Amino acid sequence: MNLDIALWLSQDAITNGAVYALLAIALVLVYTVTRIIFVPQGEFISFAALSLASLQAGQVPGTVYLLIAGGILVVAADSVGLPRAVALQRLPGRLIRQMALPLAAGGIAWWSASRPDDLWLQIVATLAIVTPLGPMVYRLAFQPIAHASVLVLLIVAVAVHYVLTGMGLVFFGGEGLRSNPYSSLSFNVGVLNVTAQSLLIVFASVTLMAALWFVFERTLYGKALNATAINRTGAQLIGVSPSFSGQLSFALAAFIAAISGLLIAPTTTVYYDTGFLISLKGFVGATVGGMASYPLAVVGSLLVGFLEAGSSFWWSAFKDSLVFTLIVPVLLWRSLATPHSEGDERQ
Amino acid sequence: MSRREAPALLVARDVTVAYGKVAAVCGVSFDIRLGEVVSIVGPNGAGKTTLLAGLMGLLPLRGEVERFGKGAVPPPTVEQLVRAGMGLIPERRELFATLSVEDNLRLGGFDRWRQGERDGATDLANIYALFPQLRERRHQQAATLSGGERQMLAMGRALMARPKLLLLDEPSLGLAPLVTREIFRIIDRLRTEGVSILLVEQNASAALQLADYAYVMESGSFVLEGPAAELARNERVIEAYLGLAPVEGPRKLQRETAKQQV
Amino acid sequence: MKARLPPMIAIAAIAAAPLLLSDYYIILMNYIGLASLVALGLVLLTGVAGLTSFGQAAFVGLGAYATAVVTTRYGWSPWLGLAVGMTLTATAALFLGFITLRLSDQYLPLGTIAWGISIYFAFGNLVFLGEHSGIPGIPPLSLFGWTIDTGWRLYLVIWLVVLLALLAARNLLDSRIGRAIRTLNGHARMAESFGVDTGRLKIIVFVYSALLASLAGWLYAHFLRYVSPSPFGINAGIDYLFMAVIGGSGHIWGAVAGASILTLMREWLKDILPHLLGRNGNYEIIVFGLLVVLLLHRTSSGLMPFLVRMLPGGRLLRPVAAAPLPQRPRLARGETLLAIDRVSKSFGAIGAVRELSFELKAGGIVGLIGPNGAGKSTVFNLATGLLPVTAGSIMFRGQRIERLGSREIAELGIARTFQHPNLLADRSALENAAIGAHLRGEAGLIAASLRLERAEEARLRDEAARQLERVGLGANLHDAAGSLPLGSQRILEIARALCADPLLLLLDEPAAGLRHLEKQALAALLRDLRDDGVSILLVEHDMNFLMGLADRVLVMEFGRLIADGPPHAVQSDPAVLEAYLGVAA
Amino acid sequence: MRASWVTALGLAGLLCAGGASGQEITIGVTMGTTGPGASLGINYKNAFQLMPNAIDGVPIKYVILEDGSDPTAAAKNARQLVAENHVDALMGAVSVPSTTQIALIAEETKTPLIALAPVALPPEKLGWVFIVPQPVPLMMGAVVDDLKSKSIKTVGYIGFSDSWGDLVLKALKQSADPAGIKIVDEERYARADTAVTGQIVKILIAKPDAVVVGGSGTGGALPQIALRDRGYKGPVYHNHGTINREFIKVGGAAVDGAIAPTGPLMVAEELPDSHPVKKVAVDFDQAYEKIFGAGSRNAFAGYSYDGFLLLKAAIPAALKAGKPGTPEFRQALRDALESGQAVVGVHGVYTQTKSDHIGLDGRAVVLAVVDGGAWRLLKK
């Protein structure tokens, strides 16, 4: 192996690692705020990539119908338990509030499908379809059991993953799709042939990370989320309800996943179940950071990127084995670094 | 006694709060009037904290509670109560340990900010005027504060929401006597500014000095009630809660409070 | 402890099944049996011990592949395959457990996901394991010349194994080791202070559950006669966890309930959906996922607790009297028991305990008082090894203990209660108290599974019952600890500590939440214990309670000792008054 | 509770046990239209819409069960089909492990199985198993012949890290070694991978004259795109699992010139009229595209259909020997299947005998090439 190859592989590692890092950040965000391991993240990636590809093929993607159905279910769920008169009285307001976004997204998607060459419109439509699915999923699947144990939340997360995967298959079929490249430019830097596509991925990831940093450090909404992660009871006492922070974190996570999906859509063939494995690699990255630290999650994800690039070169048959086994030395290192652990104690 | 005639802010009738499977508070009734400090005293484990948690919507509560003249079905959530003007300063303070003092305070006004009230800066200045120490430490992480400063921060954070009724759980907990006095002075001042207060305290002596009206709680029920000054003269209260009587030491010797932080 | 009736019904139903069911349902029952074995391991691991694993399918795979290789490549007996599989599995689980279980609990799921995924790829890429196409041609089992190759013969074997495993698990949970396993779920510190080696126990439970999975894998291989990597991937691991959680992860029969529900739900969806939807398609997975979500919304602790509630409970009796356990020799009054010498403890920059020194003599009741934050509980935690000292030495009966762990200190004869009752809320008072006697028994996992330790267990239970009666909870032996009033929970903590047969008893606010009469009873009990040769150090805030009880009172403020003497002298000590009032007296 | 449960179970079992009447042939199918095999499984399943509901006036029923591409579920399905539905023949499944698993059950229960994917069992264990797809060595042999004709000496291999990737590589080696063609590099990738840069760089270092891809469907496009991105100019070969229109849609210009072996079905119209398969294949293509859209033809639907054709040819003889639903019928069906009768399918001419349960020959292979956005017959 020589320097050229190392550079080639590094370029690949960084572009992939950047996407994993985004996903790892979303996983850490959702986990710290809601204690949910966000397994359905992968489906949001696939949904975004495949919705984009569908729009480019001039079709309204099935995710639009899912969004509208979800909106109706949310209205129904909000009305459960209220006296009938109250529920009926609030119904129109709720319908307007909950359905405005899905219907608007549907409208954009429909318009976009009729203009297969308008890339920006397609991107906007995709984000408008996928992002609101996040809070809907939280509202319907998790909000009613927000106080359940981490294990139960995890099992529900997996069940939701099954549901969404199944829907992905119904909407997009079993074969993979690939969307048009955003740019076919490429230029040579030394021996490297750098594509604009990979630059875009890195640039978009870094920008998004910076934006998230800004949200968490400089805006009150971000701080409220952060506060929930730090102290749930404290957050309730300042008027931040678990459902508010849960929906907000799911919206952010779905948005991040949608961006990731848009980024990978033109670089690879995306299947209805592709997102899961990608998200799993982000999960490995987040694990390196103990599911708690954003910077370490990013470092971990880049590590996954490099390990993946390296093992795909040397020992491709065992690549995934190697990537996931990475957790073991990390755990070993942590286990040796913290010789005495108390475990959790309910005090 | 005049405050007792003011309109009621909170009326609780036959309230029961369960913690896990155990009903820690059984069938208590009480009321808090506008501009009043009402104190609940009693030993550790009597159910005081549980009652506050129930009133604030943190634990499920049975019975009738009218807050600000209104009952509600289904029971309001913590967030609805915060918006309606109730605030709780819990025993454990529940600060955002890794955020700065100023962020903690600003988050206290989060709900108002979300409602479009952009006067947080004024509130912040008021809080700093009330607790000058917090201004000095405003860029420090909340975790690095001393016990007294934490209590001040917890109070400041709650005040940022401009509550009409403040529930205080053991504000003197873990504090040095001098600091405790400072805290009680501030509670008194809040009353003069029109905030009504429900004060739960083990430090019965200090609480009864400050309060207008008080309840004595034992094993989940109220066993005595009355104007605070009268209770402070009650034999049984003196013996059980005001310390070491009938001993030769000063009458106001305070007993330690129980739950500690370390 | 629960009624015997439901298991009997279940067993009868399982025995009668071959007569009632069609061939296909017999085969389905075989699948359910195999899954139940794996889920049973998870019930123990996840439901009881609180450790989550996604990697069980990988252990099933190890068991299956081991016997596949042994029987097809080498032509050896399946029984040898079982031995090889169990050995391999135990080794792998030990290694994995060793590196993950020492860490806080969230790492085990992550470690097992990694393990689950990598072993799946390893199965698929190793040439001698047949790569992704797997290993065909595995022979059927045979027993005394009886070939087990058809549905109902396998059914008998599989369900016999399942029932034996259930029986062993029930025995295990109903034993000294079982009680210790239950403490792993969030009560490790308490358990350690009664001598439970929680680190070791976690690994043991993990290996136990892995071996159950491996056993299922062995049966799987000889049932399906072909192994390939896909049934042992991470999805299968998730499925097993689904079964355990849906069944009700705290109940051993929950494993069977969960395995049945999931397997049958899938089967029925497959058959029914095409009729309902009028078209063939891949809707099973969607409906399946939705049903699981709805189920957990309804009953987040799984089906089993729900089922158990619908059944009548059995009548519970006090454990029969048994020969009392041996007691430690009591100490002579006045012997130096505990000597704390210039002990400091700081948390970061905050000194919780500073240069603290005092001695305790055997045979007394000593009160420890002081304002909040004075460091009283920290002293308890230092003396019981829950926290390491920053500086200074602690001697117990002339032996230095400040570097010992809580387990070793417990063995020396110090027992304690906790400020916030640290009890297994769902378990009976009797079981909670018996945890205290952990070090007074020695039967291990195997003896417990096989019920070889009944004599010892009877003595432990009798001791627990006796101590509960002694503290006045004789009427509450079988009440769930969490359902007792807070005051009684504190008393239960004392009974548990007494079960450890301590020389020194450390009580953290035992009287909090007690009514007047109860306090008097407690005081009488403590005096009685003192007369019995147990020395007592108690943190208390109720001065009235302490005044009549303690021989000596220590007063702490800001981590230092500021007064030490008989109660009445301390009460008028100027330094004490200053500490409480903040003014110079 | 459990008791009523088990009773309910038992009742359900008894109710289900009724099933097949004597005058209906039941074909049981297990198929994965979800999971990793979904993209193939959906196509396999589509073909059943084209199959007639009667043969020789005897009604024929297809019971199609979903197995999610999981071998254990496939085995469960096969057991159910045999025990509950009393099927006369089994068909399935989408992957080698699933098909192998049901083949074992077919052997055990003496039910003829039309295997729609290769089976990892030795021939002596295939007494009841009849295999439809062209054996991978036959297909890769055609690839190697083409390599030879182009005087290619070295090839690089990159394939799925699953049983399909294993099979293609094994078959490639089998033909390449005697032909003196060296496999200079072997790489693997997963269908869900987003990049194969590492593998491609390694292949490029080995400088092979050609590259063979062991993927399937759209998954086969990724390596070729990466190769072309990195400036590789040599020919890229695929296999018969790759050929469909989505592959071209996903691969775009990068897969222009991709060569793959396939059955005659995919390029039926271009075949010379003398080709024995042409008519059957063209008819099938037209019927299929009428339902599923222009260009929707694919090899997998063809395998299902050929499976049906094999049964169709054997059933009349079997009907003479026994009633459907009986062991005699199944035995006769198997005998008829291996009677050596030549069956013209859409993938080739099957002559299955007692010793050869595949029965395909060179007529089952053509090479196709991507040319101008469509698969065309590669002209020699």
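The letters A, B, C and D name the chains in turn, as written, and every chain counts its residues from 1.
One rule holds in what follows: a contact is a pair of C-beta atoms (placed from the backbone, for glycine too) under 8 Å apart; a residue touches a chain by one contact, two chains touch by 3 or more.
Here the structure is a predicted model, which is why all the values come from computation and not from measurement.
Participant: When the contacting C-beta pairs are counted for B-C and for C-D, which pair yields the higher total?
Facilitator: Answer to which pair has more contacts is C-D.
Participant: Quick one: report the Å distance separating subunit B from subunit C, using the average Cα coordinate of each chain.
Facilitator: The answer is 38 Å.
Participant: Can you compute the centre-to-centre distance for subunit C and subunit D, using the mean CA position of each chain? Integer Å is fine.
Facilitator: Taking the mean C-alpha position of each chain, the two centres sit 51 Å apart.
Participant: So how far apart, in whole Å, are subunit A and subunit C when each is placed at the average of its C-alpha atoms?
Facilitator: 36
Participant: Give the residues of subunit C touching no fewer than two other chains, as numbers and ranges.
Facilitator: Residues 121, 125, 281-282, 284-285.
Participant: Where in subunit D do residues touch two or more other chains at once?
Facilitator: 33-34, 38, 161, 188
Participant: Scan subunit A for residues touching two or more other chains and write them down.
Facilitator: 165-166, 169, 317, 320
Participant: Can you give me every chain pair that touches, using the contact definition above?
Facilitator: Chain-chain contacts present: A-B, A-C, A-D, B-C, C-D.
Participant: Quick check: in the complex, which residue numbers of subunit A touch subunit C?
Facilitator: 141, 144-145, 148-152, 154-156, 158-167, 169-170, 280, 283-284, 287, 290-291, 317-318, 320-322, 324-328, 331-332, 334-335, 338-339, 341-347
Participant: Help me check something: in the complex, which residues belonging to subunit A touch subunit D?
Facilitator: Touching subunit D: residues 5, 8-9, 11-12, 15-16, 19, 165-166, 169, 173-178, 193, 195, 264, 267-269, 271-274, 276-278, 308-314, 316-317, 319-320 of subunit A.
Participant: Give the list of subunit C residues in touch with subunit A in this complex.
Facilitator: Subunit C residues touching subunit A: 46, 52, 96, 99-100, 102-107, 109-111, 113-115, 117-118, 121-122, 125, 186-190, 198, 238, 241-242, 245-246, 249, 281-286, 288-290, 292-293, 296-297, 300-301, 420, 422.
Participant: Sort out for me which residues of subunit C touch subunit B in the complex.
Facilitator: Residue positions touching the partner: 347, 352, 369-378, 419, 425, 480, 482-487, 509, 512-515, 541-544, 571-572, 577, 580-583, 585.
Participant: In the complex of these two chains, what residues of subunit C are touching subunit D?
Facilitator: Result: residues 6, 9-10, 12-14, 16-17, 20-25, 27-28, 31, 121, 124-125, 130-134, 136-137, 149, 151, 224-226, 228-231, 235-236, 260, 264, 266-267, 270, 280-282, 284-285, 307, 310-311 of subunit C touch subunit D.
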